[in-house]
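Each of the next two complexes has chain A plus one more chain, namely chain B in the first and chain C in the second.
Our next item is the complex of A and B:
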């Protein structure tokens, strides 16, 4: 058992857990553990971003079209919200470090609000995509097309491709120009972009939800005075590390998903 | 008891006699402690809610043994079926499910978690002089995650099965297989998280929890190996999780990421899969190599030859292991130049592996070798692992791999490293540390016999497969030409002997709990910190914070026990060495 002078805090539990020798060792372990965890998270997102990169190199046109069909306005607002929440959680560390209970609660609550509004906007965006029918899937339909000799034929394409064509043509002139240059095969394959879009943003949303849950938990702890011994500011600190990471992932996702232009060698000539 | 040397009163007047000793005597000076980690509290909940790293180690041990038996039974079915050229007992789809069950259970539910889960949890904190892991609750959570994933996986295998092989290659797995690919994939995904959390915990523990004086240069080599393993676990496992996620997405939504008919690329999956799964074979073997260091020094009564080389070779294997995954795809349509690069990089892994083998053999040289069961397993390990490693070179070379790819040669190579290597190392570790974990000593005769039987059975199983594979017998096929029947019968006979060998520890180790004599604190008279505690260890491992003043294998120095209890040993003051 640790026999530090201040091992028994004002809370119910001792500040230094039984298996640590002193508070410094505990704080260092907690920080280190979170950094190692974030390394695994980098690899986790790295795997899917690697697959994204490979597919985008093969199919630049499809990725451009898919990206154009998304709603960058909501995503820009969300970027602003998430960056602000990174700022507020940093103020929360400062408040915890200085032992300001009210400040800690205020900044934790602000972070939670900003994160929740982010999720609300994200849900609205998903719903918009759903209404536009931009959901990949095996459903097929028939469209009018011409074959190589110019003869009119009926062609089986995915429902997604028809929806994509419709969305792009009614968006703006640039989107229509992109859509007009695409074949039905390419429209079909744009589903691949949307698979990445939903899976990466979905993973990001899951990380946000976990983070918000932890933030609520910390807010409750702050309410009951768990962070009164200021040594425990380290828990707010590692929470903020995680939150910054989730923020940082979004900083990567925003350009990769919403600004995917046509960068390929055959487009350059 | 011979009293050839009067116990000295102070170390300054002690005249050290460096006459080498032979068998280390087993002396129980104090008897087991009254209250230790096994009996300080009772009841199911005291185990299921424990955060004690030692109890969590035991929690891993029991299901792991059961999973090993499940995987073994599946292997037995496969071997039995291959007695006849057109299959002896199984339908074709049953055969596919049997070899998939064998591969997946053994890899994901046994080989990957076994040593990190049991010996890593139990001994890494003790070896570095800590009271527990850095994050004890996370440690328990990681066990629950692992059990949850394993249950998922077993359920998927029992209700419907899986027939993709352990590699889950699309488009077969994403489009054509009618078995539980998604559920099994979810099981792999979940157990992967447990693997990550265990690795994270061990890395944080090694960095932050070392006792005063326990510098990196004084860490036992088992800890170095576990550290390297953990680095691979946290860097590689997330990528597998991602690959399985994408596979499930493709299967559920019917969209192409890997399926070529939908615009995807199966090679992409293979890249993501092997980016994890090749380093994963080092997750499996490195902890085993760590155990070997501990056993070999103890039963040679010598310091390890080239401590730094062995320590850094673990790290080297971890690093280079990340750069060689492409050698699984020489014939999958990967570019020829990429294949050449991967071939050369694959050769590089042989260097740190060979450093280890040479240093182990050099440790034998001039040592006072005794042949207790752990040492027999260790010698088996070195021989079999060397054969496995050298035949791996055949497969790493681009030209020969074209001939040997997907034949029984690959199977034999892989089993020589994984069973001959890891399984023997696991047995060595289990037998070496059993007295410390339980406080009881198992039967010397039966344990040595088990080691010999396993070695004989193993060799008979897999040596013929090298020949069969060289002559072109492909892996995974249920039917084969009749001229291969003799090889297959030899293999199956060997598998039967092996099965008996594995059953023996399952009998005499539990029996030792009831009938074994008390082992005493340090039955092998080893020098590590973990042996300076009573057996079984007390709740917090150490009565007081240990201060470390020397390296882990100072068998040439008089140990603490020699100085204090010199009369208790049949020694002449020193304990071996020059």
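Our next item is the complex of A and C:
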């Protein structure tokens, strides 16, 4: 006997797959599947953040200097963009639940736009770091220095260390003070902070791109009426779980990477 | 002719209507307020306490996001167990890694 839940949606595939008893069981399974996936994601990011924690405790001065060299303003804007996108995707779930096709498309599209703008700002930030030469690498150069007796010597240091010194000296007085207290070895070791910075934000960006791909796919499905049987709002809901998780990761990256140093409102924007 | 027998539902019924627009707006405003607070902390010199205060604010943000936006508050027991498993295993990950790496400078004898 076919129940309403097993009825075909819009003449296409049945709303309830054959291996489920009813729509409630299917929705609970779909949600549970995404939550289990998110557990693996928590441990995935947890591993990198654990390594970050160990290194930061070992080398607090280097991590403070590295964070000070970053641009906190772009990261702050990006925080609000991601929070806004979490809000709009929540509205998309409600629109799908209520059968509001136009509302669903509007809020899905808004989420895509906010996510894309986030990536645009992230690209701008990466380009700024590249232009400042804050890229870890093996390149060396010679700088004037003094030895333990105060005698002038030429010292071989990484190009990164020279660039970091330059960036910090031109940022603000506090950043310059941090740089002045650092030895060349410490400036060299600050590359480790940037390895974490590029790895963790890079992984986050990959997750954003995957999320945007899924959102575009759902927007196409919304366009062709896939979500017209409102029981299918659960697919928007589980997609939102992933998107919220990406937001959650950023909420922790913001203080750990961008706010670990000294920042000033001088020269903002 | 065998009659169709409805099997019992394996999962606890976790159906709840999605959050209202007013509720979502309130959650968003609260999270945005906490983000402003996180920014203020970031631009303030709190010394060694800064990281703990920042992580405290981020944890509250994470909790609100999980409970309200991810709707964990209406989730069934299995989902709660799954979410708590993530927290527990992450705790173990940090505990065992840091107790190793941060005690290596102590000699065993």
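As a working rule, the second predicted complex is superposed on the first by the 253 of 269 C-alpha atoms of A that agree within 3 Å, B and C clash if a C-alpha of one lies under 4 Å from a C-alpha of the other, contacts with A are read in each partner's own complex, and residues count from 1 in each chain.
Note that in this section a residue touches a chain if its C-beta (ideal position, glycine included) is under 8 Å from a C-beta of that chain, and two chains touch if they have at least 3 such contacts.
Values in this document were obtained by computation on a predicted structure and should not be read as measured data.
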Partner, of chain C and chain B, that touches more residues belonging to chain A: C
Contacts of A:137 with chain B and chain C, given as first, second, both or neither: first
Touching partner for A:254 - first (chain B), second (chain C), both, neither: second
Partner chain(s) touched by A:25 [first = chain B, second = chain C, both, neither]: both
Touched partner set for A:153, first chain B, second chain C, both or neither: neither
Chain B versus chain C as contact partner of A:241, first or second or both or neither: second
Touched partner set for A:36, first chain B, second chain C, both or neither: both
Which of chain B and chain C A:192 touches, first, second, both or neither: first
Which superposed partner A:48 touches (first chain B, second chain C, both, neither): first
Chain A positions touched by chain B in one structure and by chain C in the second: 21, 25, 28-29, 32, 36, 39, 43, 46-47, 50-51, 54, 58
Chain C contact footprint on chain A (complex, rising order): 1, 21-22, 24-25, 27-29, 31-32, 35-36, 38-39, 42-43, 46-47, 50-51, 53-54, 57-58, 72, 76, 79-80, 83-84, 86-87, 90-91, 93-94, 97, 174, 233, 237, 240-241, 244-245, 247-248, 251-252, 254-256, 258-260, 262-265
Residue ranges of chain C touching chain A (in the complex, touch as defined): 4, 6-7, 9-15, 17-21, 24-25, 27-28, 31-32, 35, 38-39, 41-43, 45, 50-51, 54-55, 57-58, 61-62, 65-66, 69-71, 75-76, 78-79, 82-83, 85-87, 89-90, 93-94, 97-98, 101-102
Chain A-touching residues of chain B, taken from the complex the two chains share: 130-136, 138, 196, 200-201, 203-204, 207-209, 234-239, 241-243, 245-246, 249-250, 253-257, 262-265, 268, 272, 275, 540, 545
Residues of chain A defined as touching chain B within the complex: 17-21, 25, 28-29, 32-33, 36-37, 39-41, 43-44, 46-48, 50-51, 54-55, 58-59, 136-138, 188-189, 191-192, 195, 199
